[in-house]
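Naming follows writing order (A, B and C), and every chain is counted from residue 1.
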Amino acid sequence: MRNAILRRILSSLATLALTGLAAATLLRLAPGFDVEVSELDGRTSAETLRQMREARAGEQDIVSFYGRYLRDALQGDLGRSRSYEVPVTGLIAERLPVTLKLIAWGLAGAWACALLLALANIAFPKVELGFNLLTAVMLSVPAGLVALLILMGQRPVALGLAIALFPKLFSYSRGLFKQNAATGYALAARARGLSAASFLSRYVVWPASPALLAILGLSVNAAFGGAILLETICDLPGVGQLALQAALARDLPLLVGMTLFVGALTVSANAVTDLASLYLTRGRGRA
Amino acid sequence: MRLFVLLWATCLLAADPAVLKFCLRSEPKTFHPLKVGDDASETVRYLTAGTLVKINRRTQLPEASLATKWKTLDGGQTVRFQLREGLRFSDGTPFTAEDVAYTFQQVGAIRSGFTDSLRQGDNAPTATVTGKNEVTVRFAGVTPGWERLIDGLGIMSAKSPLQEKAVLGAFMVAEYKAGQYVVLGRNPHYWVRDAQGKPLPRVDQIRMDITANRDLELMRFKRGEVHMINKVDPDAYQTLATQMPEAVRNAGVSFESEQLWFNQYAKSPLPAYKLEWFRSTVFRRAVSESIRRADLAKIAMKGLAVPGVGPVSPGNTVWFNTKLAAHPYAPSVALAKLQKAGFRKQADGLYDAGGHRVEFSIVTNAGNKTRERLAAMIQADLGEIGIRVSVVTLDFPSLLERITRGFNYEACLLGLTNVDQDPNGQMNVWLSNTANHQWNPNQAAPETPWEAEIDKLMRAQARTVSQAKRKELFDRVQAIVHEQAPFIYLVHKNVLTAIHPTVRHSLVTVLFPHVFSNAEEVELQGAGVYRSAR
Amino acid sequence: MKRLAIALLLALLLAGVAGQFLLPARYDQQFRDQTDALPGGQHLLGTDELGRDRAARLLAGARVSLLLAPAASVLALVLAAVLGLSAGWFGGWWDRGVSTLIDLMISVPIFLVLITARAVLPLNVSPVTSVMITFLLLGLLGWAGSARVIRGACRTQLNSDYILRALATGCSRPRLLFVHLLPNLWPVLRTQFIVAVPAFILDEANLSLLGLGVAEPLPSLGSLLKELTHLPSSPNWLGLAAPAILLAITVCAFEFLLPPKEGSS
């Protein structure tokens, strides 16, 4: 077990470093990397243009840039944002609480509703049609519209995130529950006249827990993705909004710093859920 | 109980400052007055910086500010300023003639679009202290219209430990959270008083939230959380006009235009036959004359624009060449001219003499609804004479890369903003050897006779002092551009703004900044009642 | 129920193909004196801001999106299934490699991948080609999430009692895969598919912001759905909501078309 954990942590770190490099390379390759809007200013002379372009020369060679960046990052320095001209760590520290709160509430709400309704669906199969319609409608509405409605109704943004995450989580967990409810064991147990509560917990939810954990890790990623959209539309100053602005402004230090930081969060969330799932399956294997 | 009431009243007195609120559409790139290039930074500069001379946004004429009077010498190359006495910067540092000299020294040291506008070639103006409260500025050459350039020059302190953060304007930067907001506080040493002799500004703070989201801005405006919108989209203006008719203000035709241009750059990766079309005046004119400009103004701009004429909008009454009108809609004439030039119209479309199907793509920036609509309408209009157009929207950096680096585009639809009403502000667009000569930049020598003529005319007008003579020269430039259509002007937008009814003494101007040019004078109804007297 | 779903989908497809003959207007025809018209009369669902018939655009968009989004989902799902299953099946270094790749795909800003892809592709492509490219990209990039879920589910299955029992009774490996494992993963695959179709349709709309979506004047369900954001300020709610209603119906139909293996008894 300890070996597995160690291996998981090492591979997570490697993934993280790779992710940072991939983000840096992509941004460097993205069109418009070394262009600034101010170049369109009709007043600017050729000499000034030349000097403006020179200022970005340090970021041209991405490998050496990334090497230097990682070295500094290990010492806790994520560099200085080009577009905001402030240290990246400060920006992240300022905005992280907003996003963490949003994601925590959003995930909690979405998971609670998804699990409860999925169980309700198993317990009362007759409502299935209603649930199908509900999820179909929710999947068909763009998250942008949800964000806008939240904004207009002045409701908490986390509600929007929960609404955006809910249908997928519901579909997954219902699928898993159904599958478990239909196994021979479960059917036999039910035929024995097991109470609904213990049937659901022992034969439906418990066997699904490793898979649910895997999805939990994934939903953290999805929540960060949703946060980008919701924070941007609802103008919530979190890291999601910051990440999009960094990409749009081709702000290399900021984007790489953000990728590493958010990557560290999601990768560790995934590692934890993976290990937990490993632990659960192992435990079961022994039983 | 009494204590409680007292506490409550003190709270009101202390904690209810009058805050004027509006949004910035982008991050201010700098608070340094000489490095300003973008709208957001310019907004902060306008509200915080003191200048020698100020252009009155209402009358569009220069008036005294830090300088009480001035005299032009040397046939227009030198100006001697008499400075106002006894002023202080926001941190209390006294204002002297040395500060002006220092500011001009910094103009020479710092390279930016703004300082370039004061340069001629590579030469910057210089300033020397020539007496107590007197400064003599020598420009790099004869500089007609220097007042408008000086209007943007925020005077910095030579001695203040706060450096450029010590300001002479009505407000000063009090707080800035990157990506979130800028708060300006009242400059306690501001010298201007209102007609009753009371100190200005009348509001305690200006809070500018940074958001690119226009829907959000509009929503907050309707709720009264934002007091002003400097530029309202035509769609939003229309909605707002029905919901809050008292809030919308249309100040008439702006200086801005939306334009389409073809890539004529010889070294671009385009096939030779396409470059040949784009370099042909007949082709460009034919395209221009096949566009229904009236429809563009009516539908894409919701009727809140006029058909595009040329580089100077009819809104710029001083410089507009009144002999010009928008290219007429005449597709059959255009087609006839194209056929004379060797193009052939077949059932499935237009072909050139070499048998190539006439088709091109228009790139424009994504997320700008009016531009996307303009492009879709042009696509339909040109389809009628057999030209197949594809519309591609790109995010702004990608678009910039294409039009300034790789030149890998065929036609581009964009609005190039004229910050300046004077033709000198567009010098680097019209001269054929510059990088901002968008359709064919960085030419070693003018590639066409008409570009050579524009070069000559632009340089001549910059050396001329007489306004009438300059107008004559620039009228000719406008006529050439109209004739050759390197830029196909589509529409000139109106200046559309919104001001909340609670804002008093507001003023809307055609010149930037449209709604808060008199921010120091505005007052908020309902606010300030509890404000402690100073 | 299943028949109804098939009938619905076929009807939609038919309407999409035949729509241009049924309706009086083409999807790209601009009736410039009838912009933002309300439903009724000549225009069943009204017109958009350029005076184009919303009904014609809806049918044309439905044809594009409903043909290509499921295709892209299948592509993504096949990729996800191959990678996820093989990772779960073989385990070891292959599993670690695939997991790293999945993590990478999920954490890298896809936005930048797409911008870079746009730079490589030519600008001057016909609207139809641009749609194909878009959905191909979506399929090629959208597999990571599903792959992770499939890998997880596969591992759970492999550890479950019935597989162990099957192995103990000497069941051959291919038989194990095709007879025991795959059918049990079917609900997971099915869920992934049903979730992916509308997600891809909506993603396509956002890609147009990067110049990668469906090009003017061709509509897609996604680009029409994006107009929903004007719902609060537009009187033509029917015209704006119609694409969402259509999409919801389609998603429902898929739900019924791909029933869970054991039924919900």
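The rule is short, and it goes like this: contacts are C-beta pairs under 8 Å (C-beta built on N, C-alpha and C of every residue); 3 or more make two chains touch, one makes a residue touch a chain.
Everything quoted here is computed from the prediction, not taken from an experiment.
Looking at A-C alongside B-C, one finds more C-beta pairs in contact between the chains of A-C. With centres defined by CA atoms alone, the chain at the far end from subunit B is C.
Taking each chain's centre as the mean of its C-alpha atoms, subunit A lies 40 Å from subunit B. Rounded to whole angstrom units, the spacing between the C-alpha centres of subunit A and subunit C is 20.
Averaging C-alpha coordinates per chain places the centre of subunit B 43 Å away from that of subunit C.
Shared contact sites, meaning residues of subunit B that touch two or more other chains, fall at 215, 394-395, 398, 401. In subunit C, the residues that reach two or more other chains under the touch definition are 115, 118-119, 229. Of all residues in subunit A, those touching 2 or more other chains are 30-31, 148, 152, listed in ascending order.
Of all the residues in subunit A, the ones that touch subunit B in their complex are 30-49, 51-52, 81, 83-86, 91, 94, 148, 151-152, 232-235, 237, 241-242, 245, 248-250. Residues 27, 29, 37-38, 111-117, 119, 122, 177-180, 209, 211, 213, 215-216, 219, 394-402, 404-406, 416, 418-420, 425-429, 433-436 of subunit B touch subunit A in their complex.
The touching residues of subunit B, counted against subunit C in their complex, run 215, 239, 292, 295, 298-300, 359-361, 363, 366-367, 372-373, 375-377, 379-380, 390-395, 398, 401, 408-410. Against subunit A, in their complex, subunit C makes its touches with residues 96, 99-100, 103-104, 106-109, 111-113, 115-116, 118-119, 145, 148-149, 151-153, 155-156, 159-162, 184, 187-188, 190-191, 194-195, 198-199, 202, 205, 225-226, 228-229, 231-232, 244, 247-249, 251-252, 255-256, 260-265. On the side of subunit C, the complex with subunit B involves touching residues 28, 30, 32, 35, 49-51, 115, 118-119, 123-127, 208-211, 215-217, 229, 233.
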